[in-house]
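Right after this note come the structures.
Look for chain A in each of the two complexes below; its partner is chain B in the first and chain C in the second.
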Partner chain A sequence: MNKISVIIDEKKFDVDPQKTILEVCRENGIEILTMCHLKGLMDIGACRLCIVEVEGINRLLSACTTKVAPNMVVKTATDRIKRYQRITTELFFAERNHVCAVCVSNGKCELQNLGYKVELDHIRYPHLFPQCEVDTSHPWYVMDHNRCIMCTRCVRVCNEVEGAHNWDVMNRGHQVRIISDFNTPWGQSTTCTSCGKCLHACPTGAIWPKAIVQGQLEKNPVMVTELVERRKMKL
Partner chain B sequence: MDKRKIFISPVTRIEGHANITLELDDNGNVSDALFHVNEFRGFEKFCEGRMYTEMPTITPRICGICPTSHTLASVKACEMIQGIKPTYTANLLRRLMHIGQNLSSHALSFFHLSSPDFLMGYDSDPAKRNIIGMAEKYPDIAVRGIRLRKFGQELSERITGKKIHIMGIVPGGMAYPLTEENRKALLKWIPEALETVRLGINIIKKFHEDNPEMVRTFATSPTLYLGTVGHGGEHELYDGKLRFMDGDGIILQDQLDPARYLEFIAERSVNWSYLKYPYFKPYGFDRGFYRVGPLARLNVCSRMKTPQAQEEFEKFKHMSGGKPVHGTFYYHYTRLIEALSDVEDAERILKDPEVTSLNIQHHGRWNYTEGIGSSEAPRGTLFHHYKTDETGKLLKVNLLIATGQNNPSMNRSVLEVARQYVKGDDIKEGMLNRVESTIRCYDPCLSCSTHALGQMPMVIEVKDKNGNLVKRVERN
Partner chain C sequence: MSKKKLATVWLGGCSGCHMSLLDIDERILDVAKLADIVKSPVVDGKEFPEVDIALVEGSVTSDEHHREILHIRKHCKTLIAFGDCAVMTNVTGMRNYFDLKDVFETSYVHAISNDHIGLVPDHPSLLKLNDKVVPLQEVVKVDFVIPGCPPDADTIFYVLFEFLNDRIPNLSEAKKLKYG
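Right, the complex of A and B next:
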């Protein structure tokens, strides 16, 4: 396969032209922050954390949805990028009701880790404090919209891997919500197979098993990636 | 009538904020006292709509001093909802953590907050009458007090990895076992902890000897008492039944299942405080004031579970000929007897061969729509009451906190002491501190905030009936 040359953070790499900037960076140990990306699922560039600067293009591009091109010059850690990543993280926390101290996911949460990574010590934007529902209707799992960041990893894993398409997205802007079937309580869904993949794909404490309390939650998003890769090998 | 008022705001060296208003009559005598709690937190309301299994994580955040008691009451309510019981080892570990919290809280109350009054005197310089002043004048005692608190916190830390707002107490048992290494490390603390508690007992006894009149007459109104006791009436903090006793020592109710608390306890709101007024239902609001906490627990129980504490308990009982002791000042003494019992009990548990077992959790799921749990917090009996829908979502939450139950009695004690020590608008620092120290006897925890250093400025204003300023005194 023909390889192309790209320069990322002033280092030259010879890479497969079918790969995204994110894939190349991850393979070469260059850290890129992500929330909506989960290897194995289709990338949608929703969270805007993986933004990079590409020489010759004024706007920032999402690394997960931008493929490498010959002689592309990429910068991943400029002050401008860091500033935007910090803003994005603050907006995640300001949009809904994230209370890490009492969250079932405390200590094992990707959003919490993101906060540490961007050194989030305060939030400059007013919290919206929306009244969000906690859907406890499923016999095994809870969907807490207060902790959802709309990464849609649950929607994609349910559709692309499980093939059930129980989850989808409703409304726009800050009214946007993850819904089950046609906005019915999760426990009444006719499509959910109760497989639990959405639970493992969820990066926060939005989806969690009822039998679990804080300190006992073990999410394994890598399981989704491995499952997808095993299926590809079979094919 | 020319009614005048004295405001004491805020009360220092208690956990939280509170104001006291003293109303004076025409002759300058205190006619009424109102103990105001100014905070509103709303836990009962915002927990509605959450899963019941989240409560053992949310409710410890009510208080940074007694989070373990909240967790225990909460998991017990959850276990009632699930219809399961914890394992033997889980009970041992829970008891250890509860002892740790009790010791830590009692050490804070006695050595950090109250001992400056006993060792330096009520009328000494307020700027020095705190733990920092103690560290300068009595460094050994201050350090010992801090280390006793450290031992208490280490009991939690070595089991769950956290000192405050602990995790790991879960419905059905515990999430983490105790390792052999940690068991041995905790056992090493016992001799020092016993010595420190003994030192505290000597300090309070000396104060009793030196100030017999004050101790004897310090807010001594009889009240009812509520505490948890074991099957044989023994002193109990973690798991037992309730006992109500009247001021003469007659047992009104015994071996009551905490799940029946609403049959015996009612609450009333007042318009000057966010803290409600609970009372013993059969006696009504006017006669039903009861006290909880160390004094109440030692008044209601028949014996202590450990030998050294039993010896001290007998001396305590001897003081009133076996009848309940009403003097509010004896809260300090009873707190230390409990601390003694805690250290001895911790040693017993740490030597139990089952304490390091890995059989620490039973598993359950939602089965019932209602759960009630109780435990003895350092400040008294604590109730958590949850109602859920058929999916486990909380519909109603009722939390009856220890300090709330002492509220009517605190109010009455303040009135009593104020009548004795405050005369007209002749306000002296020592007098006001005595009114405050009445409150501190109860060691009230009005929120999770702590003001252990007592550095807050205090402004006292005497006002006439129409709100006109008669006199203003500033502390510091």
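Right, the complex of A and C next:
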């Protein structure tokens, strides 16, 4: 296969032209922050954390949805990118009710880890404090909208990997919500297979099993990636 | 170098941050060499005096807290928001999703532990709760924040020791950033 050359952070790489900037960076040990990306699922560029600067293009591009092009010059860690990443992370915290102290994911949360990486010590924007629902109707699992950051990894894993399409998205802006079926309680879903893949795909404490208490939740999103990789294998 | 004056304050929080402060154990002697703790929930004293450093735990939940934090800001050189409640309201702010009236009624009228007709306390000498709980930074200028619920004793000591030696701490560099 023909390889093309790209320059990322002043280093030259010869890569497969089908790859995205994110894939090339991850393969070569260049750190890119992500939230909505989960290897194996379709990339949608929703979280805007993987933004990179590409020479000749004025706006920032999401590395997960941008394919490499010949002689592309990419920068991944400029002050401008870092500033936007910090703002994005603060808005994640300010939009809904992220109370780490009472969360099942405390200490093992991708959102917390993201905060540490962007050096977030406080939030400069006023919190919205919306009244969000907690759906406990499912016999085993809970959906807590307070902790959801709308990465839609649950929606994609349910649709693409499990093939059930229980989850979907309703409304826009700050009123956007993940819904089960046609906005009915999760426990009454006719499509959910109770497989639990959404739980492992979820980066925060938004979806969790009822058997878990504060700070005890361990998620395994890599399981989703492995499952997808194995399905591609030829028997 | 003259000794600095240190105060610790407990606003709308659970006092867990002060417990964590006590967990610095014998290192309190190192702090005592550099500073006098002149006002604190564990120190007797009524008026908030002029201090160099004030560690303020908890968020602003009432008219009394509001007055207090404005007074503290005027009388301290460095104001440190101490713990998640002071920095981002945390558990204290969980009542912000509801109307204050519903919060009172849930606690005092409809609580399962109520064995009589519940009454919401409204004596004039009691503080008046604000509609919304806010972090310190929405009321006054905050000079430094220590997030964490509670912050680790090591983190608290690190921050105190740096300030007492006229250095500015950096939680990220020291790998001491933590929430929850």
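Here is the rule we use: the second predicted complex is superposed on the first by the 232 of 235 C-alpha atoms of A that agree within 3 Å, B and C clash if a C-alpha of one lies under 4 Å from a C-alpha of the other, contacts with A are read in each partner's own complex, and residues count from 1 in each chain.
Following the convention adopted for this analysis, a residue touches a chain if its C-beta (ideal position, glycine included) is under 8 Å from a C-beta of that chain, and two chains touch if they have at least 3 such contacts.
The structure presented is a predicted model; accordingly, all values stated were derived computationally and were not measured.
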Item checked: Between chain B and chain C, more extensive residue contact with chain A -> C
Margin query: According to the stated criteria, A:233 is in contact with first (chain B), second (chain C), both, or neither; which is it?
Written below: neither
Note to self: On the A-aligned overlay, A:122 touches which partner chain: chain B = first, chain C = second, or both, or neither?
What the structure shows: second
Margin query: One more residue to check, A:142. First (chain B), second (chain C), both or neither?
Written below: first
Notebook entry, point to check: Does chain B (first) or chain C (second) touch A:101, or do both, or does neither?
Noted result: both
Check: Between chain B (first) and chain C (second), which, if any, makes contact with A:112: first, second, both or neither?
Finding: second
Checklist line | Those residues of chain A which chain B touches in one complex and chain C touches in the other | finding: 101-102, 215
Note to self: Applying the document's contact rule, which stretches of chain C touch chain A when the two form their complex?
What the structure shows: 81, 84, 87-91, 93-94, 96-98, 132, 135, 137-138, 142, 145, 147, 149, 171-172, 177-180
Checklist line | Complex contacts: residues of chain A adjacent to chain B | finding: 101-102, 104, 133-134, 136-137, 142, 187, 210-216
Notebook entry, point to check: In their complex, what parts of chain A are in touch with chain C?
Noted result: 93, 97, 99-103, 106-107, 112, 115-116, 119-123, 126-127, 129-132, 215
Notebook entry, point to check: For chain B, which residues are in contact with chain A within the complex?
Noted result: 49-51, 53-54, 56-58, 61, 165, 167-168, 170-171, 175, 363, 365-366, 389, 391-393
